[in-house]
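Right after this note come the structures.
What follows is a pair of complexes built around chain A, which joins chain B in one and chain C in the other.
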Partner chain A sequence: MATTAPHRDPRVTGAARAGRWSVNAFTLALLGLWLFPVYWIFLTSFKTPREINAPTPTFLFDPTLENYRDLFTRFAFGRALTNSFVIVGATTFLVMVLALLAAYALGRLPVPGEKHLALWILSLRFLPPVAVIIPFYLTWQRLHLLDTHAGLILIYVAFNLPFAIWMLRGFLVEVPRELDEAATLDGLSHLQIIRRIILPVIAPGAAVTAIFTFTFAWNEYLMALILTSVDATTVPLTVSKFIQAYSILWGDVGAAAAIQLLPILVVVFLLQKQIMRGITLGAVK
Partner chain B sequence: MTIVLAQVTKAYGTRPPAVRRLDLEIQDGEFFTLLGPSGCGKTTTLRMIAGLEAVSSGTIAIHGRDVTHVPARHRDVAMVFQGYALYPHMSVHDNLALNLQIKRIPRPEIASRVQLVAGMLGLDGLLDRKPGELSGGQRQRVALGRAIIRRPNVFLMDEPLSNLDLKLREETRTEIKKLHEQLRITTVYVTHDQSEALVLSDRIGIMRDGELLQLGGPHEIYARPADVFVARFIGSPSINLLSARLRRDGPELVVEVPPAAGAAGGLRRALSAAMARAIAPDTDPNRLTLGVRPEDFVVHRTAAPGRLPAQVDFIQPMGAVSFAILRLPDAATVIQERDHLIAAIGPDDDFPRGTPVWLEARGERICLFHADTGRSLLRGEP
Partner chain C sequence: MSLGASPRVRGRPLIERRFRFRRPSSEASAAGFLLLPSVLFLVAMTIIPMFYSLWMSTRYYTLTRPDLAHFVGLRNFADLFRDDLFWRALEVTLVFTASVLVLEFVLGFLIAVLLDRRMRGMGLVRTLYIIPVFVSPVAMGLTWRYMFQPGYGVINSLLAGIGLPRVNWLASTDWAMPAVVIVDVWQWTPFVALILLAGMQSVSTEIAEAADLDGLGRWQYLRLMVLPLIRPVIVVVGLIRLIDALKSFDLIYIITRGGPGTATYTLPLHSYITGFTSGFMGSSAAIAWVMVIIINVLTVLFLRVLAREQA
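After this line comes the complex of A and B, so read on.
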């Protein structure tokens, strides 16, 4: 592992070392560029309007929870938060269940035209939501699904399912078929094989898929904007509400964005090992 | 439990069938081996018995019950896979117990059966480990344990030893034999290793290109191969094949390998009365292939009538026995399939390179084949 311990490897020349350092510096700069807005969001969420609007940005100040309080009292943020959790949780759960079944069928059972089917499923993901959202709006209107949890869950499941199936299928085909066969001879049914053999074996991959699905649905804005109005609004919509006609409530934007970021940050931090394993699953044998 | 295959065929698309109209009857408690080169259809046959592969036509019956269309998980067969196929996320205990759990066998009984099997296979201290933490030999034993804990109708093994190193393979081979002696569960074993088949089996079925070439006990298959392919496949080093002809010499039938052009002598060997009787009368006497196992050649240092002159190329010591690699002046016309003869000699016999020797074919194990079809001419012989 010469790359992780450059100083101990005598073969690494000065030029190579310099090259490595410049790569590292570049990575750090890029990381800063990505992380600074996140940092700024959290900073802003604890500032008073006076601090926010100060001509020179301040980094040291008396933090206030006023913005958060405002969020929940004036803007019913709690409700949006609940909506988001319910809708996104249900979406993730349904997507995972359906995608596992579909991926198993595609990867393991004799499905006619399986190869074409797999590509076709993925191609659904290429569809830009903007292109179809108006027809969906009209359909949802007819079905009385506008501004309901079910309406949003349904469309989120539809949009996330193809990608999840594709990903899980990728993980599943890495699992040796002998394992299923051994389980079959041990008397397990297909559903038992999925639950007791396949799912535990591809758990890291399944975790990554679930996180992707969760993140997508959690951050989704366009479809939520068109298909909900009052009862089923989600967190991303609420964030945009602070951009008002004559002013932008930066403090509330910061607080709402911070709260929106939090679950994903927590999940990713807790599961980073699994995510890395999931991303490299099959790459390293 | 008997297994009966009747006219079983497996075809994939338009390719030639992997298994062709196979008829096979495996007896209760028998250790039966399907032996053949890769692609001969032996694994496909095994998988059809297991139910992992559907038959294209024909029927399979286990213990008198037609299971042709019974799903694999209801056939009550256990299988040891080539790659072991242990469940990587489960402990050894759970790997062993899964089938019993699925069958809803009460916990105390599961516990006692796991203990019993673990004891039999020396897995006692390993029950909490995951397969990833075991050595190859230990994994192999877990795979065996997972199969025997079920007390299945039928025990199927698909090249279970091929991932082990040589020493471990021999040990495990003995262990499998011992387990079979103890449990007497009908076993179908698939291998391409002829020595494994000879050591383990009550009976062997040799397959090639989806067809069963010969069925018989290890001795029978070794001594009386049905054709040249079987003769070459069984035995190591493999059998010597020579172009030969038949001559009538008074009351006797004599097989002879003519010497090189201009040379004196040549191999001559009178056939026993039984062998002579077995040869069909319409056999073309000039187009024969003679098969002699390396240990059925006697290597002499002196010439005598009926001995084939040859020259020692080099010696391969194998411990208990050595093999002499011998050259013939006209090898290309006399020896088939290779360019030298192999003869077993004593481990202490010393033949320097270039030593002239004379070969005698002895014993009742010589084989005669039709030169064109490769079929044995001695099939009818009792």
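After this line comes the complex of A and C, so read on.
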């Protein structure tokens, strides 16, 4: 990635070099401070209750897997994980299919009032979830969708679709038109163009869109809190149950947080460049 | 626009020719076919619930006795505006939003400046800064709650280590708000920073070099040249954070449940608790609608103020 730092002079003096080193050190120190909570919860997940509640924080200790064992035996964390994967996986798949079709139409085909439609779709991303929890609760109650996978999937698709369409459209308009115009001349249908021409070209952008959708659904709490109770509880809801009447099970919190963070950390590292573009795309364009 | 007014070539309107060439009927219907699933689904899942919620706000409706539900007109709204708790929640929401907005912008700008430099491993440093944006508010809210514990929390140990007094963060009406602000700032400053960074990197190197030749210092360069140039980016990221802070629920609910007392009791919490803990669905819907209106008004104000400054 290019930098625009102006002061890069070959005649750097000793003082300037020292200054740059101290700014570098400050950058790293700030980063360390910022990542400390993540490090701390990983550490906590391997501690015994005595170490967790010690008056002075311990950094060196005998790691134990007791918290992880407790998580799966006492809180049926395995089921929550399965539920989350099913719900979030289905959500991501449906969002990507719908968004790809819509983004292609908005970016490539003549749509009357295209700008207004695109802005309307984006504006839905800013809808406060609290404003629709009552309608969903009462309707889902009537339709017997409370505490079901489908009930949450429908809502997560609706919440993530606007931003996904917006992002994919941003990636799509950068693809040269000659590519799909040639394909049209070859007699390919729109669906074939999307699958064979567009999708391979915007694959990195589509991957980021899918990751964003996956992450937001994976972390969602309010809807799961209201609409699920036993059968369809997700990971965040299970984690919030570690807050008990008189204490919080910090060890279990740590283990659950670690498990929940791990897939996201892996993905962030694998796709760092694309994620950086994805985050900035919505705002800078 | 009427077709008759368009320039004619050999008696045929130009516009018609152009459209004919692009085969309007098949392309337009294809667009409709591809867009329809998303648009219909979004209307069904957002617009209709919004109207349902508006209708619900005009009704007396309790969770326990739905059979007693009846129309009350604007009574829910009138009751709301007479309720001190509502005004308190509004105040808390605005204080929270203003605090995180200012802090996230200032710190985000600082971090963006730090990241907009050459350093070995800068790519990795930028990636690591993204992590908070992606972590679960529930898991990290609880993590912070652990770190804020008065007796064994790591934050108080740190404060004591540098000779500052220990604070009972989440049980004190003075410190609970700063605590939730800190957590929100922790989670969202990197987002602001990375977007500002992208804006800075779109400022061309010629401008940077010109500033260098004119002998501007680093801060003068940032203030006089970069800040005005990335103003559109600042507006967008400010708007995103403004709206998301106004509607934020998870972090505060997990960390303090709005307490102690009403110290961190925001409007989204007020709406949720009124509806699902106290069971007054009608009032809850009214609060939610007031929130939607407040978000819209503040968005317009925000854009107008920044647009005027720009002119």
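Definition applied: the second predicted complex is superposed on the first by the 247 of 285 C-alpha atoms of A that agree within 3 Å, B and C clash if a C-alpha of one lies under 4 Å from a C-alpha of the other, contacts with A are read in each partner's own complex, and residues count from 1 in each chain.
By definition in this document, a contact is a pair of C-beta atoms (placed from the backbone, for glycine too) under 8 Å apart; a residue touches a chain by one contact, two chains touch by 3 or more.
Keep in mind it's a predicted model, so treat the numbers as computed, not measured.
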{"item": "Chain B versus chain C as contact partner of A:40, first or second or both or neither", "value": "second"}
{"item": "First (chain B), second (chain C), both or neither touched by A:274", "value": "neither"}
{"item": "First, second, both or neither for A:185, with chain B first and chain C second", "value": "first"}
{"item": "Partner contacting more residues of chain A (chain B vs chain C)", "value": "C"}
{"item": "Which superposed partner A:148 touches (first chain B, second chain C, both, neither)", "value": "neither"}
{"item": "First, second, both or neither for A:162, with chain B first and chain C second", "value": "second"}
{"item": "First (chain B), second (chain C), both or neither touched by A:218", "value": "second"}
{"item": "Contacts of A:132 with chain B and chain C, given as first, second, both or neither", "value": "second"}
{"item": "Contacts of A:64 with chain B and chain C, given as first, second, both or neither", "value": "neither"}
{"item": "Which of chain B and chain C A:82 touches, first, second, both or neither", "value": "neither"}
{"item": "In the complex, chain C residues that touch chain A", "value": "22, 24, 27-28, 30-32, 34-35, 37-39, 41-42, 45-46, 48-50, 52-53, 56, 111, 114-119, 122-140, 142-147, 151-152, 154, 157, 186, 190-191, 194-195, 197-205, 208-209, 211-212, 218, 221, 233, 236-237, 240, 243, 246-247, 249-250, 253-254, 268, 271-272, 275-276, 281, 284-285, 288-289, 291-292, 295, 299"}
{"item": "Of chain B, residues touching chain A in the complex", "value": "50, 52, 72-75, 77-79, 81-83, 85-89, 98-99, 102-103, 146, 150"}
{"item": "Touch list for chain A against partner chain B, complex", "value": "176, 178-179, 181-189, 192, 196-197, 200-201, 203"}
{"item": "Residues of chain A defined as touching chain C within the complex", "value": "1-8, 23-24, 26-28, 30-31, 34-35, 37-38, 40-41, 44, 52-57, 98-99, 101-102, 104-106, 109-112, 117, 121, 124, 126-139, 154-155, 157-158, 161-162, 165, 190, 215, 218-219, 221-222, 226, 235-236, 239-240, 242-243, 248, 250, 253-254, 256-257, 260-261, 264-265, 268-269, 272-273, 275-276, 279-280, 282-284"}
